[in-house]
Structure formats: C-alpha cells, structure tokens
C-alpha cells in the first residue's frame, strides 16, 4: 500500500530492524504501547471511556434507548455498534457516511462483544416482541496513530463496564422511571489483540508507521475464559498456518494483560 | 448515440443490410432471437425464472411479504417492481442506486403487469386497511446483449406463474401458517414486444449492436385478450404515425408467439 | 467572494456610488425594490403566495397533514419549513439535496415564524401525544435576483394568512371531515429585513449585483409588537457594534412598511 | 379526491363540462424568468407549469462532453405543494422516468450538432398538477427552448387522449386519468409528422388505440397554433419595446 | 431533562449558582491532537469541544481552488453521545447551518490571501453539549487555527447572552437556552471591534437586545484573555522543552 | 427458518445427511457470461453464486490510479430474492465489510504490478444464499479472474469449518451457521500454504480453533481440485471448438 521512494526507504528500515527483533519506536515485537484508560468522562452518556494507546486516541460513548426487538429474537435487547473516523483524527479521514474501514472497525468491535455474550441482552427485554432496550456503542476515533481495533475494543469494554441504566417499573406497558441506577449486566470481557505482519514477522499493536508498511493484519479476540470469540484478517497480504497458530497463543497472553487494565483498575 | 468512426462504419453496415431486410446476425426484421425460459430456479424465492434472449440473460425473483396497503386502495395487495442493472452484466453498468435506465425498465415491466391486471391484487388483502401481501418482483439483469425490456417482461411473467403462496389462517389478526401452498392468482398474461428503428425501418427484438445504432425504440405490451395495455417510446429519435400502427399489429402477433413459450410450456 | 477583473471593476463602481448614497439601480440606501404579493395562486395547496421583490420571485405553498407530535411537546402541532433553490431560478443553483444555502434560508424563515409564535401550534393538536396537524411550508425560489430571505419570509407570511383548514370532528379517534373551512390560527406577523454591508455602509434589500460584492449580510426579523424575534449574520465579513444597532432601528421601520403590504392588502 | 360516480353526464359531457374532443383552457407566456436563457409558463386547466432553459453552456465534468454535439439534459420536477398530498422534494422514480422520456421527446427537435462540447439544460417545474403534466411540460419546454434561441427542426407539442366511461376523450384531467380506462400521452413535431413521445397505460383495443392516437394528434395541432401565437406575442412585444 | 419550575432563585442566582453576568467555568488547552496541524480542547461548563485544523493544503478537485486566496472549510459535528437522546452521526440541517455560520465567523479573521490555491479545513467535534456549543466551537477553532500557525487579524472569540425569567443573562446553558426567552450568540475579534457572528432567537425589545449585545461582548472579552493565556501556555511549554 | 431441535442426528449426521467432514455438493462452470472479461458460476449446496471480472481497464477518475500497479476493486452483493426475507438492493454494512475482506483475500494472488495505472473489477452476485457465501464468492471470483486471463500466483479457494452441537464440522450451511457455536471461514492459496482470509465468530478453545483451521484447509484443498478441473473443462471446450 505504499509507493513513494521515501516510504520505501522507511519500509526497508522498519523491516531490517524487525528482522533483529527491534521496532522503530524501541518496542519489542510483542510489546504494546503505553495504555491509558479514563472511564466516565462524558456525563451525558450512560457510559463512556477514552483510551490512549500511544498516540492513538479513541472515545467510546454508550447510549441506551427504548425500541423494538428484532423479530427473530423478540425477548432480547438490541446491540448496535457504530464507528466514526472523524476527520480531525487523521488527514486520511474524510467527512461523509461510514466507509469500508469504519464499517469493518465497528463490525469487529461488535463481533467481540456479541460473540462473547459480553452483554446479557436477555435481561434488556422490557416487553417481549414490543419493547426492549437498545444499546448504542459509538466508537469515536479522535487521533489515528495505528491499531484502531484494539484501542476501540478496549474503550468499548471500559465504557460498557462504566454504563449505568436507570431503574424503572412498568405501568400499563409504559416505562416509569424510579430513583437510582443499576450497572449494565456485563458477563464477559472480550479483548482484541492485533498483529501486523512485516518482513514475514509478527508484531503486536502495530502503530501507524508500521501499518503503512505491513503486509497484512490479524486480530484475535479472546474472552475471559480464554476462548477465541472473533478473528479478522485484513490487508492485502497473507499468513502461514504457523503464524496463525503462533498469533492465537500470543493473543491469549496479551489479552490477559490488557483485560486487567480495564476490569480491575 | 454513437460518435466514433468505427461505430459509424458499423452503423452504416447495419443500416445497409436492414434496407435489404437482413440483419447483422442473420435474422429477419421481425424475428426474435432464440428464447429459453427456466422457471423455479431460485428455491428461496416464492417464484423465479431466468430468461435467455439470445445472449441477454435476465433473472427474476418474486418475494412475498406482509405489509400495509396504500391508503387509497385499502383492500388490495401491493405490487412493487424493481430492476437492478448489476455491473457484472455489462461494462456500461455502474454500481450504485438505480439510474434512469433501470428505473424505466422497472416501470415499463410494472406497467404491463399492473395495467393488464395480471395479478388479482384484491385477493391479496389480509385485513382491509391494515395488512396485505406485498409482491416484490426483482428484475436482475445478468448479461446485457440488448432488449432488456422484453426479456425482463417475459421473466417476470414466468416467475409470477411459478409463484407459490403459503396457506394461512387469521387468528386474532395474526397470520398463522397452514400446511401447503397455493399459486399466486394470475389473471392475465402481458407480453412486451420491442422495436428498434434503424434507417427508418422497424426491427423486432433489437440486440446490443442494433441498440447502439438505432434512432428510437418502441415497446408495445399486449395482453391475452389482444388489448394493448402499455406502450413506451424511448431513444432520441421519432416514429411516424404509420410506423406506430404497423408496430401495434406486429406486436400483437409476436406477443402471441412469446406468450405460448411462457404460459403453456 | 469575487475574483475576476470585471467583477472588481463593478465592485468598485458599486462601492463608489454607495459612498455617495446612491445604488446602481437608482435606489436610496434604505429603499426596497418594488414588491408585488399575490396570495392563493395554488388552489391545490391549503395556502399559497407568490412574492415579486424586484426580479426576485418566490412561491410559497402551505400543506397540512396529520401526523405525530414531537415527544417533548405532545400537545402542539408541528411546523416544518423547507426551501428549494430549484435550478430554473439561477445558473448557480444545482439539482440535488438541499445545500447549506437552502438550509440556511429555510431555517431563517422558520425561526421568524417559530420564535414570534406566529402560528398557534397549541390549537393544532388533535389528540395529545398521538395526532396533530403538521404544517409544511415549502419555499420555492423561482428567480434569484438577490435577498431571498426577505422575499421568502414575506411569501411565507402571506401564504400562512391565506391558509385554510378543513373543519373536522373526531369520531373514535378518527378525523371525520365536516363542511367548511377555518383560517389557520395566525397570531403574529414576523417580517425579515436584510442588510448588505458594502464599502462599510449598510444597504437595505441587496439585489444580486450587490450580493456579489458585499462583505456581509445581516437579517433582522421583528414582530408586530416591534420585538426582535430572529437575527442572522451571513457572509465572510463583519459588522461593528454601531452598525448592528443602526440596523435594528432601520429594520423596525422597514418591517412596519412591509407588514402592511401583507397583512392589510 | 374520491372517485366520482360517473365521468360523463347524460349529455356525454365531462366533469368540467367539456365535450369529448375538447381541450382544457390553455394559457401560455414566453420569457417569464430573468436568469434563464429561455423560459415559458403554461396553464392547461389547473395545471401550472414553468420551464427554463440554460445553455448551450460548458459541461462539468468535462469528460461528459461530446465531441460532435451538445448533450441535452432535462429535469421534470413537482413542487411539494403541487399535488393533493405533499410530495417530498427528492426526485421520485416517476419523476426520473418522466425526465428521461421528456428529454427524448424534445431531443429529436434540437440541432444538437450545432453546439459540440456543450450542454443544454431544461428544467420543468410543475407548480400545480391536474393530469397530463408530462405533456404540459413538453409543450412548455419547447417554448422555453425557442425563447432561448436554440435552433429546432420544429416545435414539439404534446397532448394526451384516453378513454373514460367507455368513450375516447381528449386531454384527460386528473380524475379522468385516475378513474378512466386508458391514457395515451403523445408528443410530436406537427410540421414533419414525427411522434417523439408515446406512452400508454390502461386497456385499449387496436382500433381504439388508433383512434386515440389520431385524437391526441388533433389536440397537438391545436396547441401547436397557440405555441406559435405565444412566441409571436413575445417578439411583437420586444419589437414594440425597441421601437418605443 | 424536564422543565424546571424557575430558572432563577430568590437571590437571582441561576440553576448552577451563577450570577446573571457570570461565565461558566472554562478550561482550554492548545495542541492536544497529534495528526492535526493545529488543535485545541475546551470545556465550558459541561460543554466539551475539540477542534482541529488541517492546512493550508492542496484542494481536490482542483477546480474548486481559488486563484487569489485559500478556501476555508468548516464542519461542526456532534458526537452521537453528546446529547440526551442519541444523535445520528449523519449531519443534521442544524449542523449544516452551524457549519456555515461558524465558517463565516472565522473567515474575517484569516489572511486567506496568503495561501492562494489551497484549502484550510476546520473540524469541530462536540463531545458533550450543554448549550452554547456554536460559540464554544468558534472559540476552540480560533485556538486551533492559531496553533496551526495560520496568520490571523485577531483571535475570534464567541459567547452568548440571553434572557431567562425576564432577566438578561450571560453564557446560557442548555436548560436556560431551552426554557429561556431569548438567546443571542455573538462572535467577535475584540482587538478590532468586529462582530463576525450574530444570531438571535426568542423575543427581545430593541433596548434589551442592545444590552444583550453588550453583555455578550463583555463575555467575549473575558474569554479572549483566557485564549491568549492558553496559547502562551503552549509556547512556554514548547520553549521549556527546547531548553531542556 | 425456525431453530431445529438438533443439528446432528443420533448417527452424528447433519441436517442434510452429510458427515461432519463432508463438503456440500459443488458444481462449477467457467466462462458463463458474455460481456465480462472473465466469469464463473458456482453452486455449493443451495448457494448459487455468479462472479465476473472486468479489466485490467482504465481508471476513472484518473487520480485514483497507481503508478506502479493495478488497483483491485471488489463488490460482493446479494440479490434481493437470495434470502428468506427480501433484502434491499442497497449495499448493507455486512456486504461492505465482506467486499473488503474478499478483495483482501484475492489481492495476494494477483500480480497487480503487471498492470500499472489500471483497475481490475470483481463483481460477485449471490443469487441464492445458504451459508458460507463469502467463501463461495471467493472460490468463484478466483475462477473468474483466471478466466479473464489475469496472472495469479495461485488460485484462491475458500471454505469454512465450524462447530455444531459440540462437534467440529466442515462447510456449514445456513442453519448450522445460525444455530451452531462457531464459524471459521478461511481462504488460501493451497500451492503456497498462504491463508488470505481468516475470520471467526462464536466460541472455540485454542485447540478447537486449531482443528477447525486444519479442517477448513482440507476442505479448501478438495475444492481447489474442482477449480482446476472446471478451468480445464473450459479450455478443453475452447480447444474442441477451435479444432472443429
């Protein structure tokens, strides 16, 4: 994905370093950049969190509304994940409707949460077939310095853990708010770990400079029971079978480290 | 509609042949290309048919859903025709929302079916003003080699004749499916016959090469009672009164031939 | 907003004249162009009016439909203002969805009507929380020769004063029409007065040639009680505090003159 | 508007008192808008139609331009308040189809080859609709093209015939169109007997269709005379203005 | 948020305890984003606003570029979670209007003629909204422009005044905006007494309006001092970094 | 389709009678469309998939072209009648994501550098869907690319494995995908052991995942042989045609 001469020079430099097990920013191949997580920073939202992953910055807000369930699961709440690559985050982001990159980002974050059954959607039914709670998770990328998937996944999990629902009772099928709040029922903690393949080697948490030269991307999301719940390969290159198996093992370990930052801070 | 020198040569050649009553592909002026009709090839659809008209290939699927009637005809089912000129069918088709060509195609097919009262829409009412069946006819052009209107019209008719509705009973205003299926109530058999005007002569079933050089297009749809139910002139040329009257007579004869291919195969 | 040499010459000429208190079309700085108002010219609409402001021509139609109220004002009718800069009105108007200019125009007209409480929306409730009347005001610009805001505002007011609603009774929550019509309940008469700033001087009712060279635009809408109900600054220049205060005073006087043309014709 | 019991009375007259072969009252005016290169306004019964022409002018983006002639573009559009139920201003599928057939009805008349690499834009706005607006739009647009000085083989003029309560009738209005048995809109260049638009919906025998075409053509010829008069009126007015 | 009984208490204090002529607490930071050429973050009460500037940069498509100056583009956008009811991320009509008036509020300050044939993009994201976001957006965007090194006549600063429970009040928050009697947002370049944005809705007498304008300007001047301090803080920080 | 009680019967056979490691019946045909530069048709169980390739061809607008290689574009699209509930023909978010991952699954195989400044378009139409359409789409598109004469490192072939009723199973159909425990679609170039698409959803232990990958690869290899046979069949047919 890179054509200019300058980039080729940098590409070569990055690749040569990685062959020696070193990265341009000094990290080891399986090191994450520094991570900061701040939860609850948007008071208007039912839940929110900001994650700084190096210079990558993602804000996630959770809103809860009342709406209709899907006809095939009439007794479950609805989960909706949306991602906005807002143009202040990168010179390559354009205003306009979501493109394939923001749709892929949203769907990978969605898959991790949905497949690990992180939210107890069956507890979000108000009146079967008629009224359920809709959970809107909005991923807002504020600065793009690589590995948006892991940062967004972490921010989404932190925001969900921070989400409060108002108490209510049903009177004549209408919701009547009662005093107090309850946490959103969260049952699992999916964490995504993303690899870049550069010069035929895997690096964890690729930053922007690495993303620009890497051949392919592999994201492995594992849950708190160490099961894999979602995978996504991206980029115009490929992986060998061995690389995939290696990645799953590293992902499990790394996810455990990251999970601690969110769940027990 | 043609500018380059090469095209002008072909235009001249086609025109000269037609002046002698011959066409580039050997047909006579009122001959259709070979027609093949296969019904029921998409099992997921309530009805379907594929028509090969020479190398033009059109697939039509019929889906039936439950929805609301139009306020001005509360006791009738709803008919919706849509046409997609999917980009695999021609280098001139672009992905994106329907353009004027696909909208015109859909509306001409729609008009033939609607104006001939081919579907007994009054039998598709479930609960007046509230619930009716909606018939979706989706025209899918797979290869464009000219005369999409006639091919689409034939495929739509074949698909409708092939359409099955599930049996049901109403219990508390809710539909409860019962075993078995009934054919969609089809009352008439509209058939479109399209003419191209080349070198001031009419040819039936113009193929792509002819469409590229013809001055104008005239489609006449007749029903099984030999009444005319829809007409559409297209293209940037004109017709004389005599040409129009000639065309209606030929259309009646040709439609009868084509109708036999669909209705009594 | 002007780059070519020709335009700069005209800009200079307009500016020099204005320095002497004269305008290119002979008007004084606070003169409006000739105004013609015709109400009721679209019989299909519940209300309508056409305003000619010099060569600027705006047609407004009012349609009334039944719909749902906004959840936060369940007992009020709904007001919707839309403006179309249809491409026959100017070589600079393009077909397509509303752009920022037509949206601003609609919203400024809307603000005048809404903030002055011109329509008694609380009288347009049919069944609280369920059914109310929706008032659609469609501003249709037919010829653009400058100052669309004032012309559109006048046409909207004239159309509202001309609007008739059918009589009805509620039977089982359904509307049943009764003979006769009642005027729409209009309680106030907002009038917009727009200024252009050219060569640091204010001119009233700028026409197209002036709009093309003016630095900034200021619209002040006052109601029949001489209160200000809406203001909008536009254009890439600025105003001094004194200019703003001067403008409010002139606006009050001019609005009174214009109001008479609409309200007591 | 609900369905009337009958579309023809005992004397065979229509809901608005017209005879079967009678046109609605028609009013035309040429040169009614300032910015457009050409424009016209038409009332036909309750139809109120405005048309404007811009061009020949440059084409953007340039690769759409044709080396040997102008491209003709056309937009038929209904005002939201032009019909019984408010119409969304976004173009409907019907409007997109009509824009196409109207363009193809006008195109045979225009000498596009005189203006290579340019575009000519036709904008038709239906301010009030009462049946037959595509025909009214064509008639009005042809006047606007002439007003813009675009060279044409002939004026294009349009009119529909149809069938109501079993009888053929000229120039259907909305109720007749909606509750009648058939509608045949037709456009032509009367000077050279060229039919440039023909559509039909409903149900007609071959013989009825033949008669309906003839009836529509007769209507076209009457309107054609009015078109020529309207154009003359404008040029007389200009002449007087110059001589004053 | 339902309607409060009163917007002012017996002492004439506001719902959040402010006096009538008192600004909300304001916090500003310059240079908060890495990829943007300039950026700033502002909190004003519960408003949280981020602004970024990209440019001057090439214009695509090229025919939009101007031969004698840069084009200024501006997008005001609200995060879906910034308001009580989730907002669709597609731009609303309100956001499109505000993008326009904010651009026109900033444009008088920028020496666009220094950068012909380029574009300068301003992106404003409202992360949390509590009334007065257009003003907060302008104040933040001006800092981002300065941070990007775009030459300006003066900083632009904005603040609203309005009327609540019959009294004029400075810097309305959401409840006051919604249930008050009038709102007058105003932007200016204080150094040259130039008002670059002025809007109003509600109902004010001429005299009240005059006072509201004066009050808003006083607010602007206070915020202007904070802007200058925030810019200085950034450059002091840079200087220290260099000297280390 | 409502949820079946069980996905496996007592003998461990699946709803359609297959064994756990058994592919659905597959039929392929190359060169089925006339206008496309290359095309193929595939049936896999009830899936019916058509793919077409246009290119290498000129890029519009030109600034999207790359100086050193072709750009590959891909559209995965479902016919409205391909699924139980009619699907709107406008591309869904799912279709946009799949178009991207399918393009990225095919891209490693194509020698894009042979055709600088051009575009190669791949269009995949799902005429009927029964689970595993992204894999079927890749398999079909690879054939269409070969049919178009686009030079490739190897054919790309795709197949999914998954988990149903606690057992790993090959090539899931719709009901198994919907009500099973996991799905692992995988694409590869078998000749060089390169995995070009890998996705997963559901829940698998590391060990299960490892087995599922192996199972999917075995499936790929079987389908790869069919691909080669289908290509050969086409060229034999051409050869015979020429010799006749």
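As written, the chains take the letters A, B, C, D, E and F, and residue 1 is the first residue of each chain.
Going forward, contacts are C-beta pairs under 8 Å (C-beta built on N, C-alpha and C of every residue); 3 or more make two chains touch, one makes a residue touch a chain.
On a predicted model such as this, the values are computed, not experimentally measured, just so you know.
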item: Contact-graph distance - origin subunit A, target subunit D; value: 3
item: Number of steps on the shortest touching-chain route linking subunit D and subunit F; value: 2
item: Longest centre-to-centre distance from subunit C, chain (CA-based); value: F
item: Rounded Å distance between subunit A and subunit F, as computed from the means of their C-alpha atoms; value: 27
item: Inter-centroid spacing, subunit E versus subunit B (mean Cα positions, whole Å); value: 58
item: Geometric centre distance via CA averages, subunit C-subunit A, whole Å; value: 48
item: Centroid distance [mean C-alpha coordinates] between subunit E and subunit A, Å; value: 32
item: Junction residues of subunit D, two or more chains touched; value: none
item: Pairwise touch network: line, ring, star, complete, or other; value: ring
item: Running round the ring (origin subunit C, first step to subunit D), the chains in order; value: C, D, B, F, A, E
item: Touch list for subunit A against partner subunit E, complex; value: 42-45, 48, 55, 57, 59, 61-63, 65, 82, 84, 86-91, 95, 97, 136, 138, 140, 142-145
item: Subunit D residues within the subunit B interface of the complex; value: 66-68, 93-94, 96-97, 99-101, 104, 107-108, 184, 188-189, 193-206, 209-210, 213, 217
item: Subunit C contact footprint on subunit D (complex, rising order); value: 33-36, 39, 46, 48, 50-52, 54, 57, 75, 77, 79-86, 89-91, 121, 123, 125, 127-130
item: Touching residues (chain side subunit C, partner subunit E) in the complex; value: 3, 98, 100, 103-104, 106-107, 111, 114-116, 216, 218, 223, 226-241, 244-245, 248-249, 252
